[in-house]
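Below you'll find the structures, each written out as structure tokens.
Each of the next two complexes has chain A plus one more chain, namely chain B in the first and chain C in the second.
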Partner chain A sequence: MNATFAIAGATFGEAVRKRILMVILLIALLIILISPAFEPFAAGRGARTLIISFGFGVIQLAGTFIAIIMCTGMIPTEIERRTIYTILSKPVQRYQFVLGKFFGAVGTLGFMYLMMGIVFLIASRMALGSFDPAIIRGLLMFFFQSSLLAAVVLFFSTFVSPLVNYFLSGGVFLMGNLLSSFLETIQRNPEVTPLTRIPVQLLTVILPNFANFNVQNPIINPEQVLTDETAYLVQTLAYAVVYIALLLVASMLIFNQREM
Partner chain B sequence: MSDIAIKTVNLTKRYSGLWSKQPVDAVKNLNLEVHRGEIFGFLGPNGAGKTTTIKVLLGIIYPTEGEAYVLGQPAGDPKNHYKISYLPENPYFYDYMTGREILTFYAKLFGIGEPERSKRVNELLDRVGLSRAADQPLRTYSKGMQQRIGLAQCLINDPELLILDEPTAGLDPIAHIDIRDMILDLRNQGKTLFISSHQLSDVERVCDRVAILNRGVMVQLGRIEELLAGGHVEVIADKVPDNAVEPIRQLGGKVSLHDGRLIVEQPDNGSVDRVIDIVRAAGGHIISVKPYRRTLEDLFVETIQGGKTA
Partner chain C sequence: MKRNYSKLWIAIVALLLIQAGLQFRIFPLWVRNYAPKQATPVGLAPEQLLVAVAGFREFMAAILWVRADGFFDSGNYDAVLPMLRLVTWLDPHNLDVYSTGAWHMGYNFTDESQRSDRRYIPMALKFLEEGIQNNPTVWDLYFEMGWMYYHKIQDPVNAAPWMQIANEYPDMIPARRHMLAHSFFKAGRFDDAVDHWAKLFLDAEKDRGKDWEANNTYDVRQNNLEDTILDLLRRYGPNPETQPPIDLGFDATVKVVRPRVLLVEGKLGIPTIGARVTVILRDKGKTLEYSPSALKTFTFEVDPRLTYMQDSLAVREEKFRREIDMSKDPKMYPFKAEEYEVEFIFEPRYASPNIQARIGSDGVGMYDARYLETVREKPAPVNVPEYAKVSDALRSALQNPTRETSYNRVRKVITLTRADILMLGQRGE
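What follows is the complex of A and B.
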């Protein structure tokens, strides 16, 4: 376990020194900070909705970019720079290396979300005069969404090049966001044959469902009531944890076979 | 405990060119035994398969055929790595870390806790002469400094077996000597060293045994003295009487005497002492005794250019 955390620590240290990630974070922080300035454009409840959904949008976008950019190179770079040789020649199991990389990525995401969350809370408090617990819930959801995405990217990075990975994981993220509502539409349409429906159903089940985490909708449309928000949160986060665990196991199995 | 530190049995590593080329046997049917406590030189021209073999020994890549054992265990078992260490060729480390941080990182991989960890890190920084640069990021290190950090990284676990891939590549002569001394020091401590190198004069000086690999095949193996036997010693003497020539000639050397001046090219097999004895007993006067040893470089060039591949 020591080794895993040492690798996670090194991964975190390297990620927070990556200029591109810091630039994304800073831009996101800046936008969130000035978002209350949009208040005059909407009145009453509209202002609250606008500021909150805008903030979440920025945070989600930043989290997505950070997860993908950070993780595509995580394993390939170690191999290319040959830093991995000295690590694997120490008493480090290959699964510990993968796990350490993932924890390092999640730690970095946690740090980024913490920064963005604090600024978001301050900005929304200033604009709205009140503190909204939905923000915490939303941050948690998006943090887990980014972590799941990080696991997807890390999984691909055990066998494809960073460039291919951008497209693959970007595609999976988009599909995972859109498929479930697409499937709903299809299912409501009697004209769609099973020949079309079944593959879509299959994909929806297999690919990670990123749409679950998009909490904006219930906030933007409070009419659409969730019967039990806490249960939904727990269920969604549990889904993320299970899916991440599966991805990590698959990554370890592939990485175990890998030659460097 | 077995006295074999490294053993390979019919080890073959084939790189199959997926799209492009034909498969290459980077290492072919290699049978190697490295004894505990020896310094073993692993030589061969570029692309001979040295690094490939080393990577198999460390479990970074897997054998296509055959087996490899390190300290009695199948190669690549991370539990075994507590007792071994590895310096890759052209090592590269996380360059945002300082020298101290990177050594601390590796110590953590071994599960070495405080306060032992800081103590060892400081000792090692001192030992490789990097105490002053310890808190500078590695990206500001010169090549020689990187190599020293690489060596320090190798010593953090006080290993029984060190596998060094070109440890002196790109170093200045002083650094060379430093590292050579360090290697001899390790040998005195009873460590086993497996060294791949192109610095044949270094290898000749420090190694007990060498293997030469060419295109994946082992073409030479033996103790340095034995492999380099066949040199000669030139003895020059003056005031040597004619009657001394015959007994000297019987010792098997090439002898020429003119006007009392004797030149003998004597095989380096212990008979040189006899030559000198005879000259002096006959009233001659030794002027010089000069060994003309074969060097490892001679052997290397002969072996590789002789095209020996089996």
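What follows is the complex of A and C.
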């Protein structure tokens, strides 16, 4: 376990030193900070919608970019630089290496989300005049979304090149965001045949569902009364943990079999 | 080594099944609480769709809503409609969009003489119904639906059920609760109106002295309760002021003065000022169904072949007269049917209080030898959404309405042909 955490710490240190990730973080922080400037565009309730949705949008987008950029090169770069041989020649198992890399990535994401979250809370407090604790719930869900995406990218990085990984992970993220809406549309349309519906249902169950983590709508529209909200949040977090575990086990399986 | 791999495979299958099970449980809750509610994002440009998918759904909706406001300010009303569709797809819980959008459809499409295009009203009701389905746990849109019936359609019988639902929500704005009593009264449910005022008054008494607003609410409710009881006593009690009935001597004529221009005039024997006669011109045998269920699915397209004009004519010195020009709005008045009915109606439910004092709000104090008729009504069943926060008793009562009320009105119908209105063959079109 020490080896896992040592690798996680090294990965975290390496990630926060990466200029590209810091640039993304700084741009996101800057944009969130100036989001109160949108207030004059829509008075009253509209201002809340603009500022909160914009803040969440920026955070989600930054989290997505950070997760993809950080994780695509994690394993291929180690192989390319041949540093992996030095690591694996020590008493470190391959699964520990994969786990360490993932925990390092999650730690980095956590740090980034903490920074963006604090700035977002300050900006929304400035613009709306009150602190809304529901924002923290939204941030937590997006953090889990990014962590799941990081696991997807890490999984792909065990067997594809970084360039392919960018597109592959981006595609999975896009599909994972759209599939639920698509399935819901299909289910409501009586004219859709089972031949179309069943493959979509299967895909929705197999692919990671990133739309589950987008809970910003009720935060923006607080007058909504949700049904079984706690159950939803708990199940979604459990879903993230289980799916991340699934991807990590699959990553270990592939990485273990990989010739180096 | 091989054994380890098989363990990993087993773990993968097990985790895959667990996540699938979780996803099966999450999906219905996601649909109920978080899903965009329109079938397809028709009209979103690819880059807008991408922006929406990238987590900026509500932001995109807010920007589009601001844009729609710009179209509204510049008078480009047609452009607002597709915007409404997009915004509600992106953010189905934005109540302002539903209430403002329905108001826009119900009130703002007018002809050159500021007469509403009433073909849009079923659309407004359908839009509100969609909003209610998407937001069943808040009172606002039930109230908006009730208000559309009460004010725009002037149908208090069907306004009351929606107001009743809104009144079940404890967070409803106090002043808006009054509308239920007004609806009951206009619908002829006098006992329910008094009961509701009494209930509101007792509620206000609890908060009396708390602040200026609470005191004001108390005063308003006390006055309304007293006025309602006094009005009922004066109109329907011993020696009622509504008796004997006054003879309205109602009559109306219509003359085509130019193609698509009608001169309507007539008489109504109401001795005081403030009476209004409604005139409706429509395709013969066709009427607008003011109900959310009139449209199967939501659409922004009105029937381009249907002609429907409604106006309200002021009565002065027991006479009314107006030239109704429909020649400048061929899209609103296409005149495609062969025959038309011009309907003149005077009904007391929305008459001014001084008139109601004499004839009653249900017309018991009016008489007409030729055109008097009694209208009996009960509200249409309301399909209360599953998650609406209403009692089972009210839900059942609204789904199976039994209470019937009646009122008197005078009504005259004149039939015209297309050739008459377009003055075909007489230097007309």
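Side notes on the structure shown:
Basically, the second predicted complex is superposed on the first by the 253 of 260 C-alpha atoms of A that agree within 3 Å, B and C clash if a C-alpha of one lies under 4 Å from a C-alpha of the other, contacts with A are read in each partner's own complex, and residues count from 1 in each chain.
Everything that follows uses one rule, which is that a residue touches a chain if its C-beta (ideal position, glycine included) is under 8 Å from a C-beta of that chain, and two chains touch if they have at least 3 such contacts.
All of these numbers come straight from a predicted model, not from anything done at the bench.
Once both complexes are superposed on chain A, the partners chain B and chain C fit side by side without clashing.
Between chain B and chain C, C contacts the larger number of chain A residues.
Chain centres taken from Cα atoms put the angle at chain A, between chain B and chain C, at 170 degrees to the nearest 10.
Legend: residue contacts after superposition of the two complexes on their common chain; A:147 is shown touching neither chain B nor chain C. With both structures placed on the common chain, the touch criterion links A:81 to chain B but leaves chain C unconnected.
Judged by the touch definition given at the top, the superposed model places A:238 against chain C, while chain B stays out of reach.
Of the two partner chains placed around the shared chain by superposition, chain B is the only one that A:259 touches, whereas chain C remains out of contact.
Look at A:90: by the touch rule set out above, it reaches chain B but stays clear of chain C.
Using the contact criterion defined above for the overlaid structures, shared-chain residue A:10 touches chain B, although it does not reach chain C.
Here chain B and chain C sit at a least CA-CA distance of 11 Å once the structures share a frame through chain A.
Counting contacts as defined above, no chain A residue meets chain B in one complex and chain C in the other.
Chain B meets chain A in the complex at residues 55, 58-62, 78-82, 84-86, 88, 90-94, 96-97, 105-106, 108-111, 150, 153, 157, 163.
If you check the complex, the residues on chain C that touch chain A are 4-5, 8-9, 11-12, 15-16, 18-20, 22-27, 29-36, 39-40, 53-59, 61-63, 65-66, 91-96, 135, 137-138, 140, 387, 389. On chain A, the positions that touch chain B within their shared complex are 2-3, 5-7, 9-10, 13-14, 17, 81-94, 259-260. By the touch criterion given at the top, residues 41-42, 45-46, 49-50, 52-54, 56-57, 59-61, 64, 142, 174, 177-178, 180-181, 183-185, 188-189, 204-206, 209, 211-212, 214-218, 220-221, 223-229, 231-232, 235-236, 238-239, 242-243, 245-246, 249-250, 252-253, 256-257 of chain A touch chain C in their complex.
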